[in-house]
Structure formats: structure tokens, C-alpha cells
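Each of the next two complexes has subunit A plus one more chain, namely subunit B in the first and subunit C in the second.
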Partner chain A sequence: MSRKEELVRWLEKELDGNFISAEATIPGRLFIDLKREALSAAATGLMNRGARYQVGVGYDARKSGQGFGLVHTFAFDKDSLLVALRTFAPEDDPEFDSLTPLIPGAGWSEREYQDLLGLRFRNHPNPRRLVLSDDWPEGIYPLRREVPHDLMPPAAEEVAFRLEEAPPGTSIVPLGPFHASLHEPAHFSVYVDGEDIKGCEYRGFMTHRGIEKLAQTELTYNDVPFVAERICGICGSVHSVNYAQAVEAAAGLRIPRRAEFIRMVALELERLHSHLLWLGVAGHLIGFDTVFMQAWRIREKIMWLAERLTGNRKTYGMVIIGGVRRDINQDRSEDIRAVLKEVEREMLALEKAILKDRTIHKRTRGVGYLSREEAVKWNLIGPVARARGVDMDARRDHPYAAYDEVQFEVPLADSGDVWGTLVVRVKEVYEAIKIINQCLDKLEKLPKNEPLSVDLEGPIPAGRQGLSLVEAPRGEAVHYVLTGEENRPERWRVRAPTYPNLQAVPSMLLNNKLADFPIIVGSIDPCISCTDRVLVVERRSGKARLLSGQELENLSRGKRSKK
Partner chain B sequence: MATVKTLIYLIVYPGLLFLFLYSTFVEWYDRKLYARLQNRMGPTHTGRFGLLQPIADFFKLMAKEDIVPDRADRKMFSVLPAVGLAIVFTAMLLLPVWNYSLDRPSVTSFNGDLIVLLYLLSLPTFIFFLAGWSSTNLFSTIGGARVLTMLFGYEVPLFLAVLSPAVLANSWRLAEIAAFYRQRPALALVNLLGFVIALICVQAKLERTPFDIPHAETEIVGGTFTEYSGKKLAIFRLMMDAEMVVAAGLLATVFLGGFPGGALLGLVNFIVKTLVVVFFLSLIRATTSRIRVDQVVSFAWKYLAPLAILQLLIVILVKGLIS
Partner chain C sequence: MWLWNKIKQLAISFRAGMVTLHYPFEPRPAPEGFRGQPVWDHTKCIGCAGCASHCPARTIFLRDICQELRILLYDSSRCTYCGRCADLCPEKAITMSDKFELATDNRQDITQSLELFMMTCQRCGRCYDLEIKNYIDRLSSLGYRYDSLEARKVIRRSTADFSPEELEKTVTYERPGRLEK
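Our next item is the complex of A and B:
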């Protein structure tokens, strides 16, 4: 009996009348509908069977008379199975049981829907605002249908930026929203006793761009991949491929083989340049600028290559629903091989220099330690989890595109510290090179004139669910799509890898030195723009106005002459 | 005549003007070398090979808005850069650059000038601490505390390492120490260990990677200098450059035989030898990552201090053998 059947049978029996239906149209996916009373019991059961919590998705289903929907997704990595539990709550009583006491990693998802949809979670240990700013007026829930995507309400009055009190005996060092070691806005208020970190509070979600809301109100299915690419400043293809896969799964579309391999090449190229970027940034964070310069010099070759392949260094614009837009022909394929060969050679030299450097050992070993158990408890993913000995990789465990046809290793480390994440990332660079070379081999053997994309055979029926994973450089990214009417998704949820990893950062920081703060936060390779993706509007005092260069100059001069 | 000579000594060479120009040159040299070690170009734009870049930077900063934080100790905050610069420039006068000759000693060469020089080189560290402290900024305060913590680590090994050659030369006077090793170059090799220790300690004193902890950009932004801007920052930067020259000059005097040969040849000697020292300092900067302040102290007391004492023992033994 497969895991899937076993789960369905157990849920039917255990939940009795609270079980509504199970849908398993695609291999590796299981969509279950429950009554909300049974949510907690079902989640407990899944966790006891070894599931890994992924993300919560809330949506406004009042149009169909179902109130508010809430989906929690779980992964069984050993069985290549993803399970989505969906429940509904009526509009006048949008309350669910909180899963956070059971699964700490669910805390953010629940707080997010508390802010955005006005859902309530019984027994949530920390029901404070997460996504919305403190001066966002009460009672406006941006993700609800009736709220327009460009709403700019006046700020609530007399509300200040709220932070928790520092524990006795400590003082607060504010790091962020603007700080030299953060490349994107996030606020950490770090409680220190001398140089020792005794705790930390994170406030983020400062760059809301309303991308999910936009997809539900303004864009069409085929527009979204290009917006999705702009979620992240590093890994654009991750989100566009992931979204396309989710829609394709919902629509039952099978893309051409050639397109699968081309998507893989794009994804792995991103992993290459992302890991090299991280290596450089990590070097900079511990004050080793030579590593920074050398890693970015190597990375630059890949950026040039990406431009040659796609026309852009970033935001490749390659992915559409049903396939890709550009081919990788024989010439390009040779270009790639040449660059990869060079990158591999230079990477070996850099690796030798880094792995043997005593000062790097001093700064990374034992720093930001988190045990394997903690890593599992917080649902850590990607290199951050693999550095703690958690053997997981969406490419292997839940193969998408054609990852089941290529051979690669999943590098692991068991040191549980920043050093481990460094080793894992360095090794992954070679695996990515290996994968790209295999993809090119396969591409060269495939027929040349095959179309690169297939068209949909008609509108996608509304109400279908699609769930997709992509192993981004930072870990697994989850996209959930619920198809809707008017040629656009009813709900599209992006869960970037930083979302779970960032939740565990306070645990990693505990009892480390303040000097190690940058590299510990850096070790998860935080991508704040991915994490902050949701919401509606940037807050502005009045109307935005474009200033010409001359006006800007006058303004800055005016300020100076005033003094 | 003597007055004119002293004035020239103070203002032109090796005093203000020379030290200013040479400090900026050494900054350029350090930046260029560091950049080339990282496959970068370094300064290229201002002047030939970017030689004038540090001077351009200096004057640019001088012209920038100069802000004193409201809560800072205004007097202290403003006076510190000038005092620091004065101290470092005074220290430069003690180096036996022109007054190398023992027959015609000038006022700044006296028995014990080595100790005075070391003392003058310690003062900038306190200036940095006070600068951080008087800014009242959190990052500055942390930076200031780190400055002092580091001082406890490197100061003793530095003193021990620099005093060893003096013990062997049997003099506390820089000109005499240099002359001693010029006469017996082989004996300079005895101090090799001390030279390495002193290099590392000077790197720490100058707060350069791996010891750039008090102003670790990614941790505490500008550290001690977070609140400094405009003229005051420009003077601090010049002070650090000049401190590098003086420290390199000190090492060149006690370990590399000083700068013989009169005004012109002495100048060449001075430039070559200090550049050699700065070369090593740049090399260290390019090949290490920043370590933590607790690691500095434990490193200094576990390795540097015992090795410095070992060096002193070697020197005493050698001294017994040759006498």
C-alpha cells in the first residue's frame, strides 16, 4: 500500500465525519479537504508520520460562499509526496486552530493571514502583526477581494514602530532596516550582554510589492511568470518555473522535453551564480574582501553567459506556461561548456584557498550552531538544513522538470554551523556544473525542431489546485496555485526558501558574539525580497511624483545652502 | 642657521609637508597593492596611475559637511582628530631620518627616544577610544570598547618585540640601534622572530584586517568613526596613514638598520624600507578575514606574547655569546 493510500485511509478513519474529500490526480500530490474542527488532529497525525511542514495558504473564497479558505501543505520527502490540507471557515467566524504550538514554523504563515485576511488563530503563542506595518489602519485586510490592489489608506494615528522590551540585563543593538551588512531592508533588534547575543527580535516585510495580489486582480496566467521573475533579485527563474509548473500541474499540461532541459539549465546557472555570490558576500561579511572579489570575478563569467543565452544577466524571461521561449542550440551549448570548464577550474583554486584558510575556520566553525533536531523542528531547508545533516533536496525527493534523468549528489555536512553551509554550497557548485553538462548532452540528442512550448487546449477550469516545488539555491521554494476565472489565478502563494529559514535565525544567534551576527544571518543567504513578496502598497505620505535629474540636484543643493 | 634648519626639519622634511605627501603616497601604494592582489585595478583616475587619488579624497572630505552629533561631547569630539594628528606627526620627528648621524645629534634624538616613540604610538589608540566614546553613538561605543580590548592584546607583545633589538644593541636610542645593526648586519637576523611579531602587532595597532575589528563595517558600520564626517574624518584618515608611515619607519629603524646616507640617500633608504614593511602589511590585509575581538586577545596572549618572550631570551643569549 502506498503512502498516499495509507494516508487517505487513515484520515478517513481518524477524522470520521470531518473528512470531506481527497483528490490525487497527479502523482506525488494529495489534496485533502477537511472540516476545520479536524485541522489540528490531521496536522498532528501527518507530523507524527514524519511529514515536514511547508507553508500555509489563506485565501478569500467568499465569492463561492465558502468563507475563507486555509491550506496547509506538508511534504513526505522519502515518499515524494506533497499533502495539502484545506479547510474553510465562514465569513462571520474566521477562526482556525493554530498549528504553531505544534509546528513552530507555521507561526509566520498564520500571522500573515491574520494580517492580510483577518483570520484568527486560536492559541497562537505570538499573535502580533507580521506583514502589515504598525500604522496600517485596523480592519483593512489587503488580500480580501473587496480591497483594491492599489489602495493607499491614511496611516493610523499615534502608532509607533513597536518593538518588544529587551530582557533585563541586556541592551539593544538595532541592526537594520539600513545596515552595512544587510543588503535588503530588515530589522533585527539584537539583545546583547557585552558582546554576547542573548536574543533577537526580527521585524521584516518592509518592502511589500503586492505581487500576489497583483496576480489575482490584474495579470493573466501568462503575464505572471515575468512578474514572478522579479520577486527575487537573484533567482528569477526559480519563481517563474515554479509558478509555471504549478499552473501546468493544475491544467494537466505536459511540456516538451526540450523545454524541461532548458529550464533545468537556467535553474542550475542560477544556482551557480547565486552560490558564488553568497561565497563573496560571506567573505565580505567576515571581512575577507579578497574572497569577495575573487568569487564575484568568477561569477561574472556566468552573468555574461546568461546574457548571451537569454539577453539578460538576470530576469531571463525564458519561462512561459507550457514551455520556454528560447532555445539552447549547438553553438550556445558549446559556449556554456567552455564557460563551465573555466568556472570549474577557477572554483577549484578558490576552494583550495578558502577551505584551508585558518582565519575563515576561526570565524565560521561552531558559529551559528543549530542541532539537527532543531533544524527539523524549524523546518529548515536547503543548504542551511543540509549543513545540519538533514538529507533533503527537492530535486531528488520531488523531481520536477527532468531531474530524475540526471545524476547528481546531494552534499551534506554535519557540523551544524556556518562552516557547514559554506562547505555544502561550495560542493553544490560542482554538482550544478555536472547537471548542466548532462542537460546539454541530452539536449544535443533530442530532435532539433521540436516546438519549445505547447499551448493550452482551452481555458483552465476554475477551482483546481496546483502545488509545485523548485530547489532554489537557498532551499526549496513552494508555489501554490488555485485556478480561477477570467484567465487568472484565484490564489497564487509563493513561499520562498528564506521564509522558514529566517524564522530560525534567532535560535542560531543565541549565545554567539555580536561580531558573528552578520555571518550567521548571512549563512542562510537571506533573500528579503522573496520573503516580503506579498502585500499591497508601499506607504507614501502623498502622491508619488517623478523628479527629473535637475530637480533632484536642485533639491540636494537647496538642502546644503539652507545651512 | 640652526633655526632655519630646525624649521625646515619641522615643516618640510621630514616634518609636515613630507609626511603629508608621503602618507598619501603610502595609502595609494597600499590601496593599489591590495587591489591588484584581488584582481582589481585600484585607483587609476586621478593623476598618473591614480597617484593623486588619496590627496583628492582628502580634499574632498575636507570640503564635505561636518556634523557633530547633538548628544556628543562637542569639545572632545572636535579636538580629538587634531590632537591625534599632532601626536603622530610628533612621533615622526623622532625617527632618525635626517639626524641619523651620531656625531651631530639633533634635539629629537636622545637616549630613550625609542620609548617615547612607542608611547606616542600608543596614544592614537586612546584617541580612537575617546573618539568612539565621545560620539555616544552605540556603534561608536562598541567600537571604542573594542579598541581598548584589542590594545590589551597586542601592546605587550609589540613592546617586547621592539625592545629585543634594543637590548641586543644595548641602547634605547633609535639612531644608535640602527647604527649597531648597520655595523653588524648578521645580528639583525637574530631579531627575525621579533620582526614578524612586530609586523602582526603593528597591523593590529593600525586596525587593518584581520584586526579591523573596531570599525568592522559589516558589524558596527563605521565603528569608532561612525559619527565623524567632513574635516574631522579627513584628519583622522590622514592620521591613520601617517601612523602607518611612522610605524613602518619604526620597524625599519630597529629591525632593518635605519636610513643612512644623508638627506638624499637617507630619503631613498627611508622610502624603500618603509615600503617593504607596508608591503607585508598589505599582504596580511589581503589574505586574511577579520577575526573576533576575543580571538585577538587569546591569539596575542597564547602565541604572540610567549613568542616575544622567547625572542627576548634569544637576544639575551646571543648578547652573552658575543660579549
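Our next item is the complex of A and C:
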């Protein structure tokens, strides 16, 4: 009996009348509808069976008379199975059981829908504001259907985020929102006792751009990949491929094999340059700028290659629903091989020169340690989890595109510290090169005149669910799509890999030195823009005014003279 | 060990030499197939609005200012250079050029607008593109650049050679804001 059947049978028996239906759309996906009373029991059961929590998705289903919907998704990595539990709550009583006491990683998802949809969660240990800015007025929930995507309500006055009190005997060091060691805005309030970090509180979500809301109100299915790509400045293709896969799964569309391999090449190129970027940044953060310079020099070759292949250094724009836009022909494939050969050679030389360097070892070994159990508890993913000995990789466990047709290894480390993430990432660079070369071999054998994309036959029916995974350089990214009317998704949820990893940063920081803060936060390769993707752009006053250079100067001078 | 590593690093750095380009003092041409600023070819455009309705950034606008005149406005300030417009254009009137140095303090520098002369369908009354691709014929149609729309009259002006006066008139020509029937 497969895991899928076993789960359905168990849920039917266990939940009795609270079980509504189960639907298996494509292999490896199971969508279950429950009554909301049974949510907690079902989630407990799944976790006891070895599931890994992924993400919660809330949406406004009032149009169909179902109130508010809440989907929790779980992954069974050993069985290549993703399970989504969906429940509904009526409009006048949007309250669900909180899963956070059971699964700490669910905390953010629930707080997010508390802010954005006005849902309430019973027994949530920390039900404070997460996503909305401090001056966003109470009672306006941006993801609700009646709120327009460009709403700019007057700011609430005299409000401030209540940071927690520092534990006794410690003092607070505020790091961020803008800090030299953070590349994007995020606020960490770090509790220190002397030089030792005793705790930390995170306040983020400062760069919301309202992308999900935009897709649900303004864009159409085929516009979204190009906007999804701009969620992240590094792993753009991850999001566009992921979104396209989710829609294709919901629509039952099968894309040409050629397109699958081309998508894989784009994804692995991204992994290559992302890991090299990380290596450079990590070197920079620990004050080892030779690594920074040399890693980025090697990376530049890949950026130029991407520019030749796709027409842009970073935003490849390769993906549309049903396939890809540009072909990789013989000339280009030779170009790729030549560049990769060069990159591999240079990377080996760099690795030999730096991996035994004492500077790196002293700054990374034993820093940011987290045990394997903690990593599983916090649902860590990607290189951060693999450095803690958690053997998981969405490419192998939940194969998408044509990853089941190529051979590669999943590098692991068991040191559980920053050093481990470094080793894992360096090894993954060679694996990515291996995968691209195999893809090119396969592409050359495929018929040349195969179409690059297929068209949809008729509109996509509303109300279908699609769930997709892509192993981004930072870990798996999850996209959930619920198809809607008017040629656009009813709900599109993006869970970037930093989302779960960032929640575990306070645990990683514990008992480390304050000076190691940048590299510990850097070790998860935080992508704040990815994580902060949802909200409406706000300004303090509704009016926009441009300041002249002189005015700005006066302002800054005035401030200084006041001091 | 430590010293040996540093020597290796030195060797890598020296072998790489200087890699920084002398840009912008030396131009760095964009590679073939680069997605730079899109450029519209007004002779090919039929005003179908395919680009406007598929632009993910919603940066192409189409307005019918009168029965015969359709304005296509491309505002590059929000463009994401995805090239979707060029893909979808049925007449291949849009090409993604290799222009990427687009920083400016004047939005007009990167804005393109096309005035498209449309004909009226005798059945539905909506406008469609002129089927005539002949420029002389085009001159006879309503709404051409030198037309007097008030008088509904074609004013044909052309010279055998380039005339600065004519150019001056063209540049300073102001289209009437409102049609009087």
C-alpha cells in the first residue's frame, strides 16, 4: 500500500465525520479537505508519520460562500509526496487552531494571515504583527477581496512595534534595519551579555511589494512568470519555473521535454552563480576579501554566459506557462560547455587555495551551531539543513522537470555550523556543473524541431489546486496556486527558502559572539526581498513629493546640528 | 601550511590580473540577442494592442483619441525588458534593441509614442489599421501628419529636397486638441 493510500485511509478512519474529501491530481500530490475542528489532529498525525511542515496558505473564499480558506502543506521526502490540508472557516468566525505549539515553523505563516486576512489562531504563542508595517491601520486586511491592490490608507498614529524586553542581565544591540552586514533591510534586536549573544528578536518584512496581491487582481496567468522572476534578485528563474509548474500541474499541462531540460539549465546556472555569490559574500563578511574578489570574478563569467543565452544577466525571462521562450542550440551549448570547463578549473584552484586557510576555519568552525534535531524541528531546508546532516533535496526527493533523468549527488556535512554550509555549497557548485553537462548531452540527442512550448487548450478551470517545489540555491521554494476566473490565479502563494530558515536564526545565534553575527545570518544566505514579497507599498503620507538636492542637504544638516 | 595557502591565493590573484573593464570609457557592446530597450517600427505596427494587453509591467498604453487616431505610448520608466511585447507582435514591429544605457533625468527621453492612423469599419464602426501600405496613399487618408483635421482636408506638402522650413513646420506642428463636427 502506498503512502498516499495509507494516509487517506488513516485520515478517513481517524477523523471520522470531519474528513471531507481527498484528491490526487498528479503523482506525488495529495489535496485533502477537512473540517476545521480536525485540523490540529490531522497535522499531529502527519507530523508523527514523519512529515515536514512547509507552509500555510490563507485565502479569501467568500466569493464561493466558503468564508476563509487555510491550507497547510506537508512534505514526505522519502515517499515523494506533498500533502495539502485545506480547511474553511466562516466569515463571521475566522478562527483556526494554531499549529505553532506543535510545529514552531508554522508560526510565521499563521501570523501572516492574521495580518493580511484577519484570521485568528487559537493558542498562538506569539500573535504579534509580522507582515504589516507598524503604522498600517487596524482592521484593513490587504489580501481580502474588497481591498484594492493600490490602497494607501492614512497611517495609524502613535503606534510602534513592541519589541520584547531583553532578558535580565543582558543589553540590547539593535542591528538593522540598515546595517553594513545586512544587504537588505531587516531588524535584529540582539540581546548580549558582554560579547555573548543570549537571544535575538527579528522584525522584518520591510520590503513588501504586494506581488501576490498584484497577481490575484491585475495580472494574467502568463504575465505572472515575469513578475515572479523579480521576487528575487538572485534566484529569479526558481520562482518563475515554480509558478509555471504549479499552474501546469493545476491545468494538467505537459510541457515538451526540450523545455524541461532548458529550464533545468537555467536553474542550475542560477545555482552556480548564487553559490559563488554567497562564497564571495561570506568571505567578505569574515574579512577575507581575496575570496570575495576571486569568487565574484569567476561568477562574472557565468553572468556573461547567461546574458548571451537568455538576453539578460540576471532576469532570464525564459519561462512561460507551457514551456520556455529561447532555445539552446548547438552553438550555445558549446559556449556553455567551454565556460563551465573554465569555471570548474578556476573553482578547483580557488578551493584548494582557500579551504585549508586558517582564517576561514577560525571564523566558521563551531560558529552558528545547530544540532540535527533542532534543524528538523525548525524545518530548515537547503544547504543550511544539509550542513546539519539532514539529507534532503527537492531535486532528488520530489523530482520536477527532468531531474529524475540526471545523476547527481547531494552533498552533506555533519558539522552543523557555518563551515558545513560553506563545504556543502562549494560541493554543490561541481554538482551543478555536472547536471548542466548532462542536460546539454540530452538536449543534443532530442529532435531539433521540437516546439519549445505548448499552448493551453481552452481556459484553465477555476478552483483547481497546484503545488510545486523547486530546489533553489538556498533551499526548496514552494509555490501554491489556486486557479481562478478571469484568466488569473485566485491565490498564488510563494514560500521562499529564507522564510523557514530565517525563523531559526535566533537559535543559531545563541551563545555565539556578537562579532560572528554577520556570518551566522549570512550563512543562511538570507534573501529578504524573497521573504517579504507580499504586501502593498505604503508611504507615511498619501502624497508623494520629491525633495531637491538642496532640501535634502538642509534636512541632513539640520539633523546633525540638533545633536 | 598557512603561508603556502597565501602563496596560492597570491598566484590566483596575479594570474587573473586586472579584470575590471574600462567601461564607460570603452564601450561594452551587448551580446547578440540582448533584451535592451524595445523599439517600435511605426511602419509595421497595425495598432492591434497585443503588446499593450500582454505587457506584464503594464507599461504600454493604447488610447483612441478620435475615430482615426490611435496613440500607442511606451513608458520605459517601469519597463522590465522581458521582451514579451516583441515575442507577441504579429507584425514583428517591435525589436529588442541593444540599448541599455537608459539612465536619464527626463522621462521623455525614454518614452516612445506612435500615432497610428486607423480606418473605420463600415460594419461595426470600430477602427482598424489602414490596409494600404503605400505611403502616397497613406498621405491621402484622414489624420495624416499634415492634415487639417478641422477642415477634414488633406494638405499635401512635399519637396524634392530636404527643406529646413518644412522640418520646422513639422516639428512645431500642433495637432488640434478637439474635433469639431
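By definition in this document, the second predicted complex is superposed on the first by the 541 of 563 C-alpha atoms of A that agree within 3 Å, B and C clash if a C-alpha of one lies under 4 Å from a C-alpha of the other, contacts with A are read in each partner's own complex, and residues count from 1 in each chain.
Note that in this section contacts are C-beta pairs under 8 Å (C-beta built on N, C-alpha and C of every residue); 3 or more make two chains touch, one makes a residue touch a chain.
These numbers come from a predicted model, not from an experiment.
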item	value
Which of subunit B and subunit C A:308 touches, first, second, both or neither	second
Touched partner set for A:325, first subunit B, second subunit C, both or neither	second
Touching partner for A:9 - first (subunit B), second (subunit C), both, neither	neither
Partner chain(s) touched by A:356 [first = subunit B, second = subunit C, both, neither]	second
First (subunit B), second (subunit C), both or neither touched by A:341	neither
Contacts of A:293 with subunit B and subunit C, given as first, second, both or neither	both
First, second, both or neither for A:218, with subunit B first and subunit C second	second
Contacts of A:162 with subunit B and subunit C, given as first, second, both or neither	neither
Residues of subunit A that lie at the interface with subunit B and also at the interface with subunit C	290, 293-294, 297, 357
Subunit C partner contacts - residues on subunit A that touch it in the complex	218-219, 222-224, 226-227, 230, 290, 293-294, 297, 300, 304, 307-308, 311-312, 315, 317, 325-326, 349-350, 352-354, 356-358
Contact footprint of subunit A on subunit C as seen in their complex	1-2, 5-6, 8-9, 11-13, 16, 19, 30-35, 54-58, 80-84, 87, 96
Residues of subunit A defined as touching subunit B within the complex	173-174, 179-181, 195, 283-291, 293-294, 297, 357, 359-360, 362-363, 513-518, 560, 563
Partner subunit A, residues of subunit B touching it in the complex	37-40, 65, 138, 142, 209-210, 212-213, 216-219, 221, 286-295
